[in-house]
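The following blocks contain the structures, represented as structure tokens.
Common to both upcoming complexes is chain A, partnered first by chain B, then by chain C.
== the complex of A and B ==
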């Protein structure tokens, strides 16, 4: 091992560390470790002044390795990597030791042992640093084009926004017509605009854009490549297949309407329909609302059909579909507008007309809509008795009085369910959540990103949403893909697997273990060996323990480095 | 088991001031009622709204015990015109029960 010149900087964190760890004792204990050229303490290592001092130390002492023993790398890894870079040191020769979250904060009861642990942690950091190699990020040139899958309201809006930013869009729609569910619907809340008008307006705008190419009757059949540089095959019509090269993919495949089981709240009986079908009835009506030739006077709505299910059901939908309370209250208002003589009974579990949708609920209450809450365990019963629909429900506000309503129509306020998209999920390797919708990385902090870099999920494909929320999510997907592509390149972390081609004998074990399809077979000097596709590898390490020849290592976390760290940790304390 | 008569509400609402639907069932009216009437007006309006005609007629006595003092109306956070609504109910009962 060549002699290293490592700088070690131990941080007080203004007392956060030094109150429970004797920082100076740590410095004294490690300053004579092999390879350590400089060992210092700072009150706040992350302060500008301390960083400036460290940069000077790196330059004056010609350091080739750096250890900062401070807080969690989650907080300052990138701060100190940037500092190393400014000092002319390779940022991957910097190692952060976590003395705060993993030592001082955890051991406030015992300063002596906390200090001992801190010494060991810093020694391990030094041991790892001794074995660091300069690494460089993997740079991938990106294609300034985006593939949008699904031309519903979210997909169309996303395409326009991407086009506004000057990127090229390929918009792929499975159906012969664009517009999805929105096209089929009349007036929608909260703005009272008609769904088909909105779609026509978006369609007209899309036609005028030169940088949007729309394919209808088309399906994605193949995906290759990785973030910034995907190669996609799309089948258009029956036989044509075209190849596209894009930098990012936005999935806007939308949702489906829940189909209740036969007999669920009377579904299947004459006069029991779902909310979207009722919406059609209201749209068609001139004055009175008619169903099967009969005039409807009394309506019962049953909420939470297919949402928040529990009990003895296969794969219950545990989630709330968000949109339905507001949509049903709005539809009751639309129906009232057509015929103020209507009597409407809303049997609900909990009213979730959130935000300004509350106004819809308030208005419905003043327009002949009676809201009756039912208990989870005591759902309403729908039957047909002597040719008449009959709904039985307990009203809590009259102390549990059992009511018997004879409506002309029962409207089941049905949930949004995920679309059947098995083929696409398979092609894009999309993560599917327990609820069947596509899975984001974090529902609040990273709601449109997926574990597949460069693939974004927007609209109701990610979770049930109102139209406005779908569009907001679509635009979020647009800014994420634009942020990725406008720069022209992406830099990936170099912590990826490396194959020792001399040891490898291509047994396929690593390919099977890799969740990212990053291992391919290549031939080196006539020998078949594994090869890592750099842009796909995430450094998960799944391939390492399965290799019978020990031929794989992760850059930055090599076996030798980890073993050296363990040795340093268990070394006798001095 | 109580049969719902959906058009009952239409029969009772005698004027545009009838606004029983605004009731949010907080119970302030019951708390301040000097007659200590449990039924009036919170639960009574619920019967009217849902259309439980029999329940309303069963409580004819109680409906006439109300003093129309408007203590409840004064304290109602949802601005239900309780006295006006009770008047509507009485007028309905006069017609239906007492055949006046």
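== the complex of A and C ==
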């Protein structure tokens, strides 16, 4: 091991660390560790002033390794890497030690042992730093093209917005026609625009764009490559397969309407229909609303059908579907507009007409709609008795009084459910949440990004949304794709696997273990060995334990480094 | 004769300087100000006085202390607390004058120690209601309200007792010592002109002022706070290490959240739902469960609007943790004994009609209102508002964030109440359209 000059900076975090960890004792304990040239403490290491001081230390003391013992790397890894870079130090010779989330905050009850643990953690960080090598990022040229999967309202709007920015779009739709659910609908809340009009308008605009190619009756069947440089195979029609090269992928596959089980709130009985079907009835009506040739006078709406269930096998949907309360209240207003003589009863659990949608609820209450709250555990019962529909419900407002309503029509206010597209999930390797919708990286801060770099999820494929919300999320996905592609390149972390070709004897175990298809077989001097495809490797480490020859290491997390860290952790503390 | 601390109540002006001075001199850690050992009181509106330990001869506190932690100094006669104290607070209960307190922040029993023979309270009493002397100050004639001029010695003494709480004498020492050169004393407002092709208005919302709902008593009852104040109490950089209630620093054990304060309420001229309050209240209730595991938490609501991804599951989790959800709009809040509060509400789910419940802390979940300053950013009337005074989105369905001015987009809560996920998506939409607008401008040139 050559002599290293490592700088160690321990942070008070303004008391967050120093209230429970004796920061100066930590500094004193490690300042004589082999390789440590500078050891200091700072009140806030992340402050500009402290960073400036550290940069000066790096330059004056000619440091070749850096340890900051502060908060979680999730918060400031990139801050300090950038600082190292500004000081002329290779950013991958920086190691962050987490003394806050993993030490001071966790051990408020025992200052002494917390300090002891902090010393060990910092020693481990130093041990790792002693073995760091300068690494450089992997730069990949990006393709200025985006694949949009699904041509519903979100996909269409996304395609137009990408085209606006001068990028090419391939828009792939499974159905023979574009427009998804929106195309099938007439007047929609909140602005009374017609769904079919909106789709026609978007379709017309797309036709005029030279940089949008639309495939209908088409499905994505294969995905290779990685962020900035994906290679995609699309099956068009029955037999044609075409290959595309794109830099980013926007998934806008939308939702399905919940299909209740036979007998669920009377589903299957004559006169029990779902909200989308009711919407069609209202659209078709001229004056009165008719169902199967009969005039409808009394309507019962049952809310939360397929939403907020109890999580058992028959009722798996725990989530709230968000759009349905507002949509049902709006539909009641549309029905009232057609026929003010209607009696409409809404059986609900919580009215979730959030934000400005509140006025829909307010208006419906003044227009012949009666809202009856039922208890979660005591849902309404729908039966057909002597040829007539009958709904029984306990009304909370009247102290649980049982009401009997004989409606002509029961409208089940059904939820949005995730589309069944297991094949696509498999091809894109996208994670799916407990609710069955695609999962984002962070629900608040990164709602359209996924763990697969360069693949974005928008619209109702991510979670139930209204049309306007779907469009907002689609445009958000466009922002993210454009920010990625318009720069022309992406830099990938260098933490990828490396094969020691002298040890490797190509047994295939690593390629079997790799979830990213990043290992290929090559021949080196006539010997068959494994080779890592840099742009595909994510540094997951899945290949390492399965290698019988210990021929694989992850850059930045080598076996030697990890062992050195463990040794430092269990060393007797002073 | 030894010096004593004399109190002359009619001179006390209730300025509380004595409390501040006492706290200052006893504070060890600047982040944890000490509880004052002396208290200034006002009786029946206009009679002022101070209360502090009398160092009584009938030493009840000393006798009840189970560990013998209180001892009387044989020389000065001052009763002092020693390290044997186990914080049982029996002395505080026993003191007939209520002059022994428990300091929750520093976790210690506090009582007057006469500052080891140099009481600061007397030093900083501006009206000489407190004096440290061998004999009481001569009585002033009741009508003689004006005192004579100060002599030189007195003037110097008075000038010296200034605590200089916030004054800057512009000595520029801070400029000299700051390593980052961050202090500039010659900075002035400056106006900059930036030429841009597109503008995104993201000026956010205004918070409902809880004073405007007088039936809830905010501002009148110390233990009625807003959810923003509760958030501060719960945040990682919170001012105290515990959730405490304002009136007495006690940890509350029966907390109520009143949802829809200022939302869905025609009496305060806001018919809209604020969209975020249900969820932040549920979040806070879960955090309180962590901070005060034994506390009862009740959420009074009209509808629980847990509509976003994972929200309903989060609400159910709070229920499973033991948070009580009561459907019923709160009509009125009244103060009872010990600054506790009675909440009057209609019990809709229970079917019991009008009911009341006592809580020791009430949190008002205040709603969101438009920030009308956004509308004045451009020449009058150019940036259109909707009927609720939010920035109007002229084509929300297809171009969310597009405003009445070409090239100007709105993002987040400036155009409607929005939570963080929806604001982020909306902002992304505004960014995409602003970029497209700039691209189009460039192409047209």
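Note that the second predicted complex is superposed on the first by the 490 of 574 C-alpha atoms of A that agree within 3 Å, B and C clash if a C-alpha of one lies under 4 Å from a C-alpha of the other, contacts with A are read in each partner's own complex, and residues count from 1 in each chain.
Rule of thumb we're sticking to: a contact is a pair of C-beta atoms (placed from the backbone, for glycine too) under 8 Å apart; a residue touches a chain by one contact, two chains touch by 3 or more.
For clarity, every value in this text was computed on a predicted model and none was experimentally measured.
Participant: Between chain B (first) and chain C (second), which does A:37 come into contact with in this model arrangement: first, second, both, or neither?
Facilitator: neither
Participant: In the superposed arrangement, which partner chain does A:397 touch: chain B (first), chain C (second), both, or neither?
Facilitator: both
Participant: Residues of chain A touched by chain B versus by chain C: which partner has the larger set?
Facilitator: Touching more residues of chain A than the other partner does is C.
Participant: Touch check for A:370: first (chain B), second (chain C), both, or neither?
Facilitator: first
Participant: Touch check for A:406: first (chain B), second (chain C), both, or neither?
Facilitator: A:406 contacts chain B only, not chain C.
Participant: Between chain B (first) and chain C (second), which, if any, makes contact with A:320: first, second, both or neither?
Facilitator: After superposing on A, A:320 lies in contact with chain C but is clear of chain B.
Participant: Both chain B and chain C contact which residues of chain A?
Facilitator: 397-399
Participant: In their complex, what parts of chain A are in touch with chain C?
Facilitator: Going by the criterion above, the answer is residues 15-16, 47-49, 52-53, 157, 161, 164-166, 188, 190-191, 193, 198, 201-202, 307-308, 318-320, 322, 325, 350-359, 362, 373, 375, 396-400, 433, 435, 437, 443-445, 447-448, 462-463, 467-469, 471-480, 482.
Participant: Sort out for me which residues of chain C touch chain A in the complex.
Facilitator: Result: residues 31, 178-180, 182, 236, 264, 271-275, 303-313, 316, 327, 348-349, 351, 388, 396-401, 416-418, 420-422, 424-429, 431-433, 435-436, 439-440 of chain C touch chain A.
Participant: Quick check on the complex: what are the chain A residues that touch chain B?
Facilitator: Where chain A meets chain B, its residues are 297-298, 343, 345, 365-366, 368, 370, 372, 392, 395, 397-399, 401-406.
Participant: Across the complex, what residues on chain B touch chain A?
Facilitator: Result: residues 1-4, 6-7, 9, 19, 21-22, 25, 43, 46-47, 49-52, 55 of chain B touch chain A.
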